[in-house]
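Chain naming follows the written order as A, B, C and D, and within any one chain the residues start at number 1.
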């Protein structure tokens, strides 16, 4: 497990607590008072640290190797899920998963980018960098949703769309564009949640929804901070500064009017308590679908268009 | 098509950026800045493009009053904007409006790479969106000349959202059943290619134009094999099914006329 | 799902066609003819499939009165048909009708490879077409189990036209907004795969089923590289985006139930 | 030029005529009487031979290396044509060409398989055996036709769809099926002409039209005669017999009710007079579009469905 600077003291405390617990169990000694004390300390430290997270810390949290991924949330949130494969055009992209799920009384089409937990899976999933076929699978599932009037939930978690030669040769740009177009055509309720990294075009390709939510420590950005720093200062190591400049946190997105809601994560971020995070996510999603269920198909279509029509900040000179 | 491109320079000789041969400027301008030796299509400014595309004196600019804000207070963004405005004489990276093509009214938008690399921020997104809405409202075809490095970093997420916004515009125009023609000029990249640009009914590209998603270095790094020599050219994209036809600059106007005629009436 | 498959043979032992291990027949039948050692899914006859798929005693056969003609007077066709009828006890290569699945009415068609390789001539095309029309008319989902070597040569162009005809059926059902689920069983090939089979809303395949367009030798001859070892298996087709999910035989009924539930009501 | 057995005597006469003409021109001798005589002989011989063509002869004519191909007819028939490329999914298949054409007052989308004239072009065009991307390009153009209400003309000339590993891996079956599906969805007038080889699935993928015509010496078959002979007699050399059995000529197709019209070719087949053939083709096509123009979009859709609904010959026992 990668330990980020700001997480170090917490992890040290957690190790100490763990050790004491083990000691208690093995030797039968009662160390509960010390444990409780350390846990209070941990709690205080977490609060302190998480009250002052800088944007770059959020970038690190969004990319945290223990952060729950799409399939984790599907498992934790959904009553049932059957994955469907393939773009029906020659490929099945493991970087995007999708299928039919039951969630609190709703029957849904769920689509999301999927990172890998270990090296092997990470490579198989291409680090959640989808190729054209990933977005084309998504489009096929969106159209299935439209046909059978199933609401659509997307979970966004990608550093970027795959930029390689193979993806370019199969039209990654077209696939991203057409995925957005397809989402604009839908007349069923759609909800997108940025659960980790919302990496530029690769992310928004799945995030053209009636409601767009973000987890508290997720990010959403037009360019990775490293790339931004490389362009501005010709120095990728100044990424933390770029992260400040880019305003890529969930709070920024909310303030800029680009998302509808920030879903709180448990103290210490989602990876410290996936179950609780999944519960919050679930209830936020259900709330959105509940509200959207009041709209007619035509209203859902118009609502989505109007939502994105408004986006942008500019002046108009007389 | 042999109208002369406006030019501010008074020198009589220019050098081809590709083959480095020396060209007599009046000839070069008459050839619409295509090198007579190697065929290299040199970049045009937006208003030059409008001049050689539309019927003379029919262009009416729209939405020229829109100006970029600095919503993120991004380092140096106001300076960059001001410098771009000074060097280009334009207020933004796309010029939009209406005009006539072969006597028929069209909506036209032309991106200007000279203005901050043709990058798409809120103003570019809004102006392109209005092109599509104007097309749908006034029942006019839309023609867009693309030239862009991608989304404008300095407006962060707001620029990213312009990808979705302009795509919504395409969707509205499509639903209205009107033609949308795109011309990829050098370069057409990233956030512009991955949104409205790739969704045209017919896509024309200028020969040799750079057309692609990621920067060449990033693409190469992310791949096992070596990119082909024509990687991310208009020709590469045509081989890979993303461009309908490559058209030399002088033939673009007649091609647009033919396509609009085909899409304009019943068979 | 543990219902017993009807069987005419009285022998107590059978050999797995793949791993060649000897299997105790009652166990083998209880496992729906899936080898407990290697997982090989042995072919089922159409009525066996219906028996393990639908709710018991709910199947009502339709269009059983259709019989193949010999429109081309093709060499030996009447003989071949008669022999197929005698050995299979069926009149054609597909059995169609209606029945209940988890209490809900569905249209079902099951192809029988034992009847002239499950080939599609005029009768097979007509019966499958009627499945789609029945689905559209009576507002019922359609489930088709495919097992075929392709179009039936002996009816020439008439067989070829069944590809279009059955595709028209899919189009009508789609337009009516009803679900169409296909199950690819061993083998699903050529003219059947290249028409109605590939157009289902969700495509399920049995593990290891042969699924492809041309014969393996033809495919290899027409290619520069060597085919991969799993070429034209259900697994290959899944990797290549053509199959939604591979489902072991015993799980097919519950999977169909889940899919119909998902597609049946509003979310 | 390949010379088929039944063409040999004709070709010998044609060579003799050619020689005499050259002689006349070079030496200034008047050999017009002899030439006229040979031409009468040639005409008589052609009539004799072409009055008794067997199905296998038609197979050879349909595959004749000098037979006009799709682009030849487009050039000879159309006032204007602009080719459009690509499936927008990563590929552009040279085995299928398509574009926007003007033909006798009609604006059309034209799509057809394209063979190559020389070895290099033949390889480039893959002998007109389309890959999935060919049919997907066709579908894109069909949808363009639907959007802008342009009638569709398809010209069918393929031995078969490409059966190779690459095509299989990109879903050749799905592409053929979906191409037919797309043609059934159209509400514009559609006309298909089998101009040469109508090779099984690869052919019908482009031939789901309101009107299907065949040139006189074109063939339309569920399987190549060689393949059929190999299956029945385990002997591909018995292909001529298989050609008889398969009933794959234009007259057979008309008699079986599967096509609407046989377009006559000039004496000696299309390759002896491409211009005249193109004129016949043109007027037959214009006649179809003229007749179809009386139908509404909904009627065109229904007409096409009913046309294929009827196909098939079977008995119904009481």
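Here is the rule we use: a residue touches a chain if its C-beta (ideal position, glycine included) is under 8 Å from a C-beta of that chain, and two chains touch if they have at least 3 such contacts.
In this text the structure is predicted, and so the values were computed from the model without any measurement.
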Output for shared partners of chain A and chain C reads D
Greatest centre-to-centre gap (Cα means) from chain A is with chain D
Report which interface contains more C-beta contacts, comparing B-D against C-D.
C-D
If you average the CA atoms of chain A and of chain D, how far apart do the two points sit, in angstrom?
53
For the pair chain B and chain D, the C-alpha centroid-to-centroid distance in angstrom is 41
Please tell me the distance, in whole Å, between the geometric centres of chain C and chain D computed from their C-alpha atoms.
33
Pull out every residue in chain A that's touching 2 or more other chains.
88-90, 169-171, 174
Can you list the residues of chain B that touch 2 or more other chains?
174, 198, 240-242
Taking chains as nodes and touches as edges, what kind of graph is this: line, ring, star, complete or other?
other
Pairs of chains in contact here are A-B, A-C, A-D, B-D, C-D
Can you check the complex and tell me which residues of chain C touch chain D?
65-69, 71-72, 74-76, 121-123, 125-126, 129, 151-153, 155-165, 167-168, 170-172, 174, 190-191, 193-199, 212-215, 218-220, 222-223, 225, 227-228, 231-232, 236, 240-242
Of all residues in chain A, which touch chain C in the complex?
80, 82-92, 100, 106-108, 133, 137, 144, 147-151, 188, 289
Would you mind writing out the residues of chain B in touch with chain D in their complex?
174, 177, 179, 198, 201-202, 238-245, 255, 258-259, 261-263, 265-267
Partner chain B, residues of chain A touching it in the complex
129, 161-174, 176-178, 180-181, 184-185, 200-201, 203-205, 207-208, 220-223, 228, 231-232, 245-248, 252-253, 256, 258, 305, 308-309, 311-318
So in the complex, the part of chain D that touches chain A is made up of which residues?
88-90, 132, 136, 169-171, 174
